[in-house]
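These are the structures in question, set out in turn.
Here come two complexes built around chain A, the first alongside chain B, the second alongside chain C.
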Partner chain A sequence: MINRLQTLDRRVIYAVIFVGVALALLIDFKFPISATPNVRAVYQGVETLDKGQTILISFDFGPSTVTELGPMARAILHHCFSKELRVIAVTLLPEGQGITQSILEEVATEYDAKYGEDFVFLGYKAGNEAVILNMGQDLRRAFDKDVRGNSLATMAATRSITSLRDIPYIIDLTSGYPGVEEWIQFGQERYGFKLAAGVTAVMAPDAFPFLQSGQLEGLLGGLAGAAEYEHLIGREGQAVSGMRPQSVGHVIIIGFILFGNLAYFLGRSRT
Partner chain B sequence: MTFLQRTLPLAIAMVAGLLGILTFYIPVWEEFETRSAIWFRIVFAFAMILGIHSLLHMHWTRIRRNQAGWAYSAVTVGAFAVTLLFAIYNSGAGPFAVQNLESGGLGWIYDHIQVPAGATMFSLLAFFIASAAFRTFRARSPEAAILLVAAICVMLGRVPIGAAISPYLPELSQWLMDTPNMAARRGILIGVSLGAIATALRIIFGIERSWLGEDRR
Partner chain C sequence: MNKDQRLLLLVLIAFTGINGILIATGSIQLDAKGFGLIVGAGVTLAIYSFLYGDNPVFKLVEHAYVGVVAAYEFAQVWYQNILSDIIHPLAGNSDNPEPIWSIIVPTVLGSFLLTRLVGKAVWLSRLAFGLIVGLGAGLLIPRRISAYLIQQIEPTVGSIFTSTGFDPNAAFVLIGVVSVLVYFSFSLEHKGVVGVVSRVGIWFLMVSFGASFGYTVMARLSLLIGQLTFLMQDWLHVPLPLF
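Showing the complex of A and B:
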């Protein structure tokens, strides 16, 4: 019996996870959300920018992590557009272009933000960290045109921006490489702008040393980070409702870990 | 042949490596750095073509030889061909116009196949993690027990249910991330960075030649 408990069929585990997550998605209940200092720092960083100032957001993630980083991007964009900041978006991943375009336009439409004046999407350029380096040296040599084929010199949002040095705040939303380390090594350290990041939950522990060193101003980790940001801007959406299935999922996994250990110790005491 | 196969690549690696280091420390060489970064991007774009060739060659060989799983290779090659055709067609604008991702075939493939397929793969992780955690996360030793308790605290502290259980859980989780985790990560980061510097120097000075296809001594 104890042996059977220890080698529980994985289909049982899958079924419990499925039912738990599905119920949490279907039943509406709320958990209190409070922002951690790292998320609050990103919020404060955006909050200190004045109307009309430029913020660059690098959407370095693809479809596989859009469930975590998509709500984060939306929350940050809501904050930026509500403060009437000028948003320059860029992606260093080829598969990030479609996602960036749809999220950017979805949020911009809500605020009647005008393309070219209030926001610009530079698109994708191959080269990873070399693109960051080129953007720092001369933005227009890295991207002479935006994703729609407009010259950067002609658009109000980018007319006065010649290098990353001219951008006071940059946020990198990343799911891996190129990501936080590349933006620090080839961007923030060399051109002196303030940098914050939003990363997947599994990547968050890797970014903590950069927070303490001051190279990162703030950090949003996973869907929980996005939910905290949504809470701070007072616009609870996808990420906050995603906390229900995530919380239940975590509790179920912890339950299985404890159950597995109980079966293990019972089995050991018998032998 | 030895010159082309060995001496020349070693010389190029040495010059490129040294220039990379020098331009970082000598600001007057910034123009060269800009230029070399552009060259790097061009080489990177060609590496993508090489990657495409490698992918298609591997899968085409598998299909031709009727190897196990050839049908998956056929799907890969088929998907690649269809996506490429839509990208070239570009909603009638042709391959040299700005790529239209908002509508048209390529946009449809992206929104209705790539995005849901990618999200599905990622969401399957929850099932695998639950199963793997149940099977392997056992307190077999004091170290494993400490890891187990820390993991449970972080898992609960990182989601709002943790704060609902106890207000101390998020604080404990934050402390675990800020202190022991950061110390370990910093150690790993320093080790990796020193290793990367050592490997780079070995390549620059021709000590490490495995990248040329030569056996390690």
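Showing the complex of A and C:
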């Protein structure tokens, strides 16, 4: 029996997790959500901006991580548009272009935000950290025109912005490279703006030291970070409902870890 | 026909049947959006089929994905960079009728990278690589030292005793950093005090690996939740939550 448990087919584990997560999606129940200080710091950063001030959001993620970073982006955009902030969006990944455009337009439509006045999408530019440096030196040299071909000098949202120094708050939503580390090294440290980040859960442990050192103002980690932000803005959506299956999945995995250890120690004591 | 082939055939029949019902009931329209939904659902199931075992459907979708991403990225780079940053400035446009000739230098250097594909002209690519390495090192080294070392040292060693008293979190961080550094000091024999401190370092490393693993589990489950939501809500039109 112990031997059979120790050599359990991995597909059984997959099947149990699949069924558990699917059932948690189908059945409605709630877990309490409370915002952690690092998520609250991002919220406070946006909250302290006045109506009409500019925020830049860098959407450095592609389709593979849209499940985690998409709800995060939506929640932050809801917060920005509800406060009538001017949003400048940019992406340093070619895969980010389509996703950014669809999320931005989806949320902006809800608030009747006007393109060019309330929000602008600069698009994608190759060069990773070099683009950040360029934007810091001269935003209009890095992006002469936005994604729709409008000159940055003619649009209300970007008319007064010539460098990253002119932007009081920047949020980087990232799934890897280029991402938060590049924004810190080549942006925040050089041009001194306030920087917050939303990262995938895999990246979160590596980003925490930047939070402790004050290089990051706040940090959202994975779907849980997005759920906390949704909770803070009082608009519980995709991320909060995702916490149900997430928690069930965690309980199943903890169960399997305990079960595996028990089987291992029982097997060892017998031999 | 072996067991796996029979199973694959069964899944394909079931997938076709489900889509047939969804189209017949009007849940999926016969338009571009409906076609996209069916392809998305099919591709998701094909990728997840790898959990059962490697199979030709997974391989097909994997290769198609690589091709689609390459084409998509090429299109983005073409329109956002090559066309707008090289061709238009050189050809001149309504905003800037005069060509910007200075763009030729970086463009030629960039195109030298392609000479890696031409045996005899490969030396030209070294010019471009030299510039990339030199520029990269010059930009990166001071930034890395500042961001990863100087900025990190201050919160690590400072403020154990604050104006409000002893800060256990700061002390914990300092103990962690010192003990892990001792663990990685291989020129010292890990015996006596050094052995004890390095053992503490191992514990800190284990905790950090555990935290990373926990976050990784969370990330992977989030991806599963996202795809299951897509399959149930968007493809099968099951309202979530159902009960």
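Keep in mind that, in the parts below, the second predicted complex is superposed on the first by the 271 of 271 C-alpha atoms of A that agree within 3 Å, B and C clash if a C-alpha of one lies under 4 Å from a C-alpha of the other, contacts with A are read in each partner's own complex, and residues count from 1 in each chain.
FYI, a contact is a pair of C-beta atoms (placed from the backbone, for glycine too) under 8 Å apart; a residue touches a chain by one contact, two chains touch by 3 or more.
Keep in mind it's a predicted model, so treat the numbers as computed, not measured.
Once chain A of one complex is fitted onto chain A of the other, the partner contacts of A:A201 extend to both chain B and chain C. Touch criterion met: A:L25 reaches chain C, while chain B stays clear of it. Once the two complexes are laid over each other on the shared chain, residue contacts for A:A126 go to chain B and to chain C alike. Of the two partner chains placed by the overlay, neither chain B nor chain C lies in contact with A:L5. In the superposed model, A:G242 lies in contact with chain C only, and not with chain B.
In the overlay built on the shared chain, the residue A:Q97 is in contact with chain B and with chain C.
Using the contact criterion defined above for the overlaid structures, shared-chain residue A:A35 touches neither chain B nor chain C, since it reaches no partner. By the touch criterion stated above, A:A227 is placed in contact with chain B alone, chain C being left untouched. Residues 14, 17-18, 21, 64-68, 95, 97, 125-126, 133, 147, 201, 204-205, 209, 212, 221-222, 224, 246, 249-250, 253 of chain A lie in contact with chain B in one complex and with chain C in the other. Listing the residues of chain A that touch chain C in their complex gives 11, 14, 17-18, 21-22, 25-28, 64-68, 94-95, 97, 123-126, 129, 133, 144-145, 147, 151, 181, 184-186, 189-190, 200-202, 204-205, 209, 212-215, 221-224, 238, 241-242, 244-246, 249-250, 253.
By the touch criterion given at the top, residues 8, 10, 13-14, 16-18, 21, 31-34, 36-37, 62-68, 95, 97-99, 101-102, 125-128, 130-131, 133-134, 137-138, 141, 147-149, 201, 204-206, 208-209, 212, 221-222, 224, 227, 243, 246-254, 256-257, 259-261, 264-265 of chain A touch chain B in their complex. Those residues of chain C that touch chain A in the shared complex are 51-52, 69, 72-73, 76-77, 80-81, 84, 95, 139-140, 143-144, 146-147, 151-152, 154-155, 173, 208, 211-212, 215-219, 221-229, 232, 238, 240-243. Put simply, chain B touches chain A in their complex at residues 30, 33-34, 37-38, 40-41, 44-45, 48, 98-99, 101-102, 107, 110-111, 114-119, 121-123, 126-127, 129-131, 133-135, 137-140, 148, 151-152, 155-156, 158-161, 163-164, 170, 174, 177-178, 181-182, 185-186, 189.
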